[in-house]
């Protein structure tokens, strides 16, 4: 726990008062540092992901000597507590009191949605890690870029892989009963069924369900696999309980359940699980090796996907600042730079963005293996240039309603 | 009202009106608006808690009832005023129904029914995602424009909230000194005796439950107008507990207590938390320490402390004064 | 022929398997002073609770001036002219004496539903309350808080609250319990002054006072009416001596 | 619906009910005797799980760890009772505030001490292999937890019904003033009951660990369950807590198995109904 968590620069309290960012002429302000607001969760049940997010950001700016391009950086970290109303207040604080030039975060989709209109009205560029589909789709927010993935983006290739490469026919899906779970499952279901697979059972569990025993005992026999879209401690609990009930079914999953940060704790229970993700700590990119070493060195843990997300955000931000010539005060130009940025060598490989601000980049199929006494997510297949609509066409995709419990419709359920 | 009270009131009113000009920064003005909103929540729950002795753990349910009703009506084409009135009416009627269920059981039973009802509202908000957007929540398109006044700037919204809360506070203040209020407090202390004196204790409690629900719903509308967003997180048990804790922390037996409690909890959550990483521990510690030293909350506790200090300063005078009155 | 002030017929109440009152019937005429006696556990207070509606009877009938009370809630019975005091003091200890009486007056006043008026602005309530306090000799203590008064004063406050309501039928549950000799005398005189348009039913153990006060006496034993009659009849009855006076 | 479904779900129900009994019997005892709604009970359960995790990671024997961790939590309970709750006895609102405050503190400190990551508690090696029943696998460990809960229930029954201490506790539950009057050392009894109740919560946390893991939010997930059990069964009665636990176990498992869409209401709706029609719970000894 020996982390230098206090990244907030306390002196800023004195400087920020009463001046509003957009009133300051760009030329004058450019002399000062770039102010970045970082929304994360440090308390409450969601803190696990939030603390990892902080690891990524902390490591990045430590490596860069607190600079982006040639401008100094002032990082302001805010704890949303995983609560939408508090996320909004903290965003207001960052924008109104501390006059940040851009935001990174927040963790959860419902937090991102709670500040959506505020971001629009204050025109604050934000690099988000939340998965909520429509932020970059039907209700696209022009001030958002998402370098990681939508909730379903990595489920699409996994569905494709399960149907074509693994030749799976019958799969049950299991997910947290909230938007992320619904969207994550829906993406898998769509590509899987479009390629001949059948989702024969769909179960959604309340977020606060203490025990999955009931649900697990309801799983159909003769499944080729069970797909899980549980996040955080729920994914952990689900996989442990599945094996506890002696269920040896192949596990498939979205990008949350067998995260590197939890993998060692899960032990053999997770072995063999195949998941779709835009990242793995095993990726051979030079930048990633440095990142993994850095996290292991500074925090004595393996980097999870949340740490990778914010580190990735910083990489994208850095390039965009360079592209914009350091002029983050000109919001429109800076936002344009963010959306048109191409970063060839991030920890997840090359990334660019579509016109809606969502990432186009590699998507990986990974398998949990044991290497040298350690559990790892080995990459077994790479889908290149996967965007949020892959493999569908944007306009056709957007004609459909947003992914939910009921869309795409489930035609193959067995009851 | 004594002359001193009038002077105090004038000073406090002047201070409150001056808040936006004195503070200046939008963020803190918004913070003040939030304190006002939560103060109204705490004041409304305190009608039950302080005067009626009814501990409710489901008050955030009104956020769900009034809040979602208001947003849904607005989205479906109602103008802001009708939406607000209908939402308040709906929520108050539901309060009537909830009151009938909750008042079946006394004490812990009452707490548990209100908790369960709050959780059921939460569950519906969560599960009925076609209607409520589920976990993703719903957005209110815009703040209302009462009498054509645009409320989008922080100071204007602050004054709007201040006006609403002032009206509510005035009502609740009158309520606390009214014959009905006296009957309610009587029913809190000696329910059996009260009914033997001809008071319909059940009806007194139920009406209070409904009134508290009404003002809770008004606070809910302010919450929604302020945030322009509502999701199930805002109406969970956590939120209900927070509202209850505000009233207890400040002192349920006083009118100012809930306001003080609301200010402390809101500020620790939203402002202190930027400087103190373990703000949850701090909040918990405040609860424990306050109750150990001031078992009935901050405002009554401070009043008592003040009285003692004053007594020590001029022992002879106060002794004489306390003999006949006390 | 006027209807009896209080007419109880065939009243039954069981707690679990134990009968608390068994087929109790008694009739109290207007203006009468009735004493109810019986050993501990005879069901005297239970009988009061059944009459006031604190407890609901299993079967039987209670009529107040000919009007059936069964099925009515306590406050409705009170509004029809019933009042009582409690053996175990049931007051508002944190309030002033005058406020206690005001609450009693409010109970019968439409004003009690008003959430807007300022209570202390209604002087007539306070005047009436002070009057009631004066009636029991507590005029000087009106502004004191109950918790600071003596037991005897509280007993008298109980009485003042009941009397302030100007009831037609007043049930007194051991109004002398725990009082000193002097205080007993005060209360005794006070009861003597209650006008005859108030019918009084009293439970009391202090036989000196009780016998001096009552015109008719009912003896309860194990929830049953054993003896009823005039003072002399009951005292003379063999069964009275057996169950009550003999011990 | 196949018959295996009923068997497996019944086993799920009783196993979960057993765990709930370990969780809620302590809450019920404390509430019954002292009228304190100890809202820190969920946090005690979670703390037990975290203590258990750390002790197990140092290679402790599972059953010994459960006892030690439980007693650790029990000592904390005594501290809470002696130094805080005793100051404000009879002040119900104060008790609500303080116990919630303590649970805030515990949750926050757990986050600091054990990070936010879920921590698994390994079940004893011998119990990790699932049992095969009617062709279906069922986790052996859960059945063992059920057996422990039954043993605990019998033990508590003897303690309450057959010992002097139990008689004193029962007397206190029924009428505190009377108990004080006949010379029962009420103060020491309170401390003892608080120790017992908190220890049970702590042991429950360790035993629940291999099923639920230790994670931030476990407290908030479990506390409502304890409340529901106590409400359904009635406070202050061991039998009530016992029956309530299994009733909730069955309601929860069959509710969500048969009507998955009602998962959010499956516990709260029956609770409202019970309270509306039976305000004292099913076996209430104490006026709630």
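For reference, chains read A, B, C and D in written order, and residue numbers begin at 1 within each chain.
Heads up, the rule we're going with is that a residue touches a chain if its C-beta (ideal position, glycine included) is under 8 Å from a C-beta of that chain, and two chains touch if they have at least 3 such contacts.
Just so you know, these numbers come straight off a predicted model, no measurement behind them.
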Please give the intersection of the contact partners of chain B with those of chain D.
A
Centre-most chain, if every chain is reduced to its averaged C-alpha atoms
B
Most distant chain from chain C by Cα centroid
A
Computed distance of Cα centres, chain C from chain A, in Å:
74
Cα centroid separation between chain A and chain D, in whole Å?
37
Could you give the separation in Å between the centres of chain B and chain C, each centre being the mean of its C-alpha atoms?
42
Distance between the centres, which are taken as Cα means, of chain D and chain C, whole angstrom:
47
Which chain A residues reach two or more other chains?
43-44, 177, 206
Going by residue number, chain D touches two or more other chains at 107-108, 112, 220, 264
Could you pull out the residues of chain B that touch at least 2 other chains?
126-127, 238, 278, 280
Just spell out which pairs of chains touch, all of them.
A-B, A-D, B-C, B-D
The chain C residues in contact with chain B across the complex are 52, 54, 73-75, 78-79, 83-84, 86, 90-94, 99, 102-104, 106-109, 111-120, 122, 143-145, 148, 161, 165
Residue numbers on chain B that touch chain A, as the complex places them:
24-28, 30-31, 34, 126-127, 129, 134-137, 139, 154, 223, 227-229, 231, 233-234, 238, 269-271, 273-275, 277-280
In the complex, the residues of chain A that touch chain D are 1, 43-51, 177, 203-206, 208-211, 213-215, 217-218, 232-233, 236-237, 240-241, 244-247, 261-262, 265-267
Which residues of chain A touch chain B once you look at their complex with the stated criterion?
5-6, 8, 10, 17-18, 20, 42-44, 78-79, 81, 83-86, 88-90, 92-93, 96-97, 109-110, 113-114, 116-118, 132, 177-180, 206, 404-405
In the complex of these two chains, what residues of chain B are touching chain D?
49, 55, 101, 104-109, 111-113, 115-117, 119-120, 122-124, 126-127, 237-238, 241, 244-245, 248-249, 252, 278, 280-281, 283-288, 290-292, 295-296
